[in-house]
């Protein structure tokens, strides 16, 4: 452990938590994973065995109490986020929290208030901002490479739907899946969204409809700066994880197509056959998960504000609510309708 | 001239009329261009000189009266279409008419009624249906290559706005520009559209706004079969004519990217530089203009119904009206609101 | 016919002759196709019927005698080229001649001498120089876009072998097929080739071997300016006509990949399936055939030297001989060995 | 440390050694890095500090003596390889050795003999075989996806030349750079090479010529199975690390183009600008370095022969010698000329 490494505690050792734990343990020299907790004893032990963590516990409060833990990464289930944020803030820990902060705006506001009062740092896990291709899109836009942004297009389709049990508690497609795209929209166009219009349906699996959700959606965004965005979502793209972005402006267009696991193509008598996109988020966004955690560690150590904070986390949830209302009432909905504190 | 060639008269020798005239004269062996008219004497003579047409006149009625003319191609200005259709039908000529049929639904209905009564054939100039790349999209969809269509995406951006004088009489972006995309949407998804929602703005040139139009638009389509479509339009793409289509379905996605004039790329210290798309519609859609006229000639000679007829022309105009209303009132508009006869 | 159009006579109305005839008749306004000859009466009449040519004859000498014919296009079989060139030159006609000029260097030299003495113009049908993608490669190289050329790579593979009867009289793969690539090599690198080394074999069809030829070859070129080139040929690419070029230099690389007939791709559970290249030379090189004839007509009318002349035709044949010797003796062969007059 | 992990010692903590050390320490759960040596004390300590290795020494013999080290990775300078292989074999350690084994065939033979006698396993670091794109090429060929291989093409160009001091001791371009391509050629075509012909020159930097080497080369390969291959090398591609492979066969073509660090493209008024390839081997081949070491560890633990062994290492050196002779004498050279033991 490097001298004056940042001691980090990780709460929630599920799929995404484990990934963050590996990054903290091995790939971020300025960090040291000091504590790990999960209510699921099996997940906890499997993760701990691999990573040689000093403190392993099923009680996240023990992590918050550990003196060599200066920062925590909250990767537990969404319904626990706001509570843990409040307690971590009270304990003076800097906080990385997976998205969404919460499904309830009032609870989000309480958590953000606790963070402000404690003067700790809070970074939200909108990892896609750190994807090299999307980051390059943002840079080009910010450098004026396309002039003024006019049109944004986000394609965001999963390779397969989550289990129905998950769908039932997911908060619905807009808060569970589109929330990433909402954040990207604001990030890439560098303007707030005033109004959304959402269309959707159950086209993939009737069971998703029976669970009260939809599986296919198109959301139109009206930005404050006059730009217009569209997001399209599907819970099932048969060809894999489809994650593409385009921004069109007065001076050009910047686009980030899909990324395959290899470049190899086969030409035969029927076609030129190319590779499908990287399978799912763990593969496609591997770089981005590492880069966001690296930024978190750097920001804490250097006392800088993170590039994606609590307010960003809140706005994406507000957009999700507006989209849900729009879908249900089949009308454009202004964010101001749902955003009030 | 091949024996039993189809004698065709062409009305309107402007840019697009001239292209059709060249195709009829040289590239469609089963047709013979027998007559040509234009109110603009200069355009008329320039076109006639090149093509050796027997009858050259500034009066389209002389074309309709010519006994060796069995079919006419109407390429004059939009405000003359419905009148000429009615007269051509009365003269027993088969009719190819450029889009749109008219800006007025009542006049469209009268023209279509005249066609029905005369028992002549009417084909509308939705040439993009004949573009090899888009035709291939349609074939893949029709063959079930992507399963059930769920999402459609049409990008349709011009390289530069038309002159302001044209904008003023164009009928507005939805009837002038999006009308092609409306037709493609129905054609590719093979379902009617129930409802549209249109967002737009003046982002390219304030003069377009002063002329009462917009220059940037996003239109969302709700199809009868549950699919959802988006069209995005801009009057000015700095990198050229951007014409792309994607259809996503339960079993895959079919996409038609842009087509450059050559394949050459340059890799240097800064990037891999590839060619821009074909410059504008005369280049990009050259094949489609020839193919649609070939189909028209074949259909007339063989007594078949054309694949794109008067009703197709009417529906696209209805969609344009619905989009305009939606844009003005910022709400989704059902086609049934504006479609009644 | 435009005033002071160039009257052209065409000799040889086979596949390629017919294409040139159509271009001269319809697509080059500055030319008028005045005479047509072929020893094959059927091909002749079929071609003449379509194009309304004033003089139609089975005797090419009648074409050479026609007073309104100022230039001739020689598209007859290779063994007649040099003889017709000599007679056409003697008759004071400007000459476009398909490649190769002849298989015999001495006869080539006599023909070129006749041309020089008569002071007429001679253009050789190396159409690929006029392909938009390859032309762009040349422009980039000439503009210094890649700095000094170091490496050249030409891929040139046919979709299927010609009939065995043709193979027997073709002059062998190096003179029949590679000859185009030899010309492109000189054209693109803008340097002469000093030495070649050729490897080859019969991998496609044993019947080609029995006919005394090979069907697969790799030719290495040592240029006078130090650059190194490779050409690879196959008589059969199962995925279609493979025509690609790359030039690598001190400052970059310019590449011209294959060109498909449409842009459409299909993504499904197995791959992203893209279109195969344009099927064969009539499709792939349609633009280049028109452009070379346009240049010929322009050059004659304006008294300019053509960009690809008799000496270019001769050198490509010399390269073919050198490659054949290299292949047979399995050693590098200098062009100087075979090039002497 | 997992129970019955493979204890590995690493000799040589330079750039590539350090990469292997990180992989062994963090990314291969079945391995444990137990010992590390380097004659350069500074490199050694810097690497050791990061990885928490129990035994750190400047004497590789201490690594060979360590009882918990069952396998060694030899990443020291080439002139030490064969000596360390012999000693490691004598110590009963399994061996991973970076390429080339040695520049001297007799020493290679002695080392391979020592390995055989000791009955240990030897894997050579031809990492490119493990690159996902090239591996997929090999799979397609092995599955018969392209039928019988006819033509192979390897493009292998570095972004910048190594320091002149390195060039002087590198063994020359054929043994230092092309050696990887020689191995890939055999691997992908699955046939031995009978004969090579090499052309080359000093086009990049005269200093390389003064150091007795060349910087640009084209090598033609005649395979035993009739296929023909070409390799082109340059020490300096201004657009970055150019690593591409194509195999063409009777039934199709499989190709692996370059891989960029992100997918983002910018279209503006001048071109569509795409990303350059991954910068150099540490970026481009990161996956392959991990995968080859994973195979080594798996093979040792499971008692399997590695897929790339000592004989593969020897043959690539023989090909390098043949190419050097061919270049110097400007004639095709059979491997049999230089391969005898």
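As written, the chain order gives the labels A, B, C and D, with residue 1 at the start of each chain.
Throughout what follows, contacts are C-beta pairs under 8 Å (C-beta built on N, C-alpha and C of every residue); 3 or more make two chains touch, one makes a residue touch a chain.
None of these values were measured; they are calculated from a predicted model.
Undergrad: Can you list every chain in contact with both chain A and chain B?
TA: C, D
Undergrad: By CA centroid distance, what chain is farthest from chain B?
TA: D
Undergrad: Cα centroid separation between chain C and chain D, in whole Å?
TA: Once rounded, the distance between the two centres reads 43 Å.
Undergrad: Just give me the whole-number Å value for how far the CA centre of chain B lies from that of chain D.
TA: 58
Undergrad: What whole-Å value do you get for the distance between chain A and chain D if each is reduced to the mean of its CA atoms?
TA: Chain centroid spacing, chain A to chain D, equals 39 Å.
Undergrad: At which residue positions does chain B touch at least two other chains?
TA: 238-239, 251-253, 266-269, 275
Undergrad: Would you mind writing out the residues of chain C in touch with chain A in their complex?
TA: 238-239, 265-276
Undergrad: Of all residues in chain A, which touch chain D in the complex?
TA: 26-27, 29, 50, 132-137, 140, 145-146, 251-259, 261-269, 275
Undergrad: Help me check something: in the complex, which residues belonging to chain C touch chain D?
TA: That would be residues 147-148, 150-151, 153, 157, 197, 199-201, 203-204, 216-218, 220, 222, 226-228, 230, 232, 234, 236-239, 242, 248, 250-253, 330-332 of chain C.
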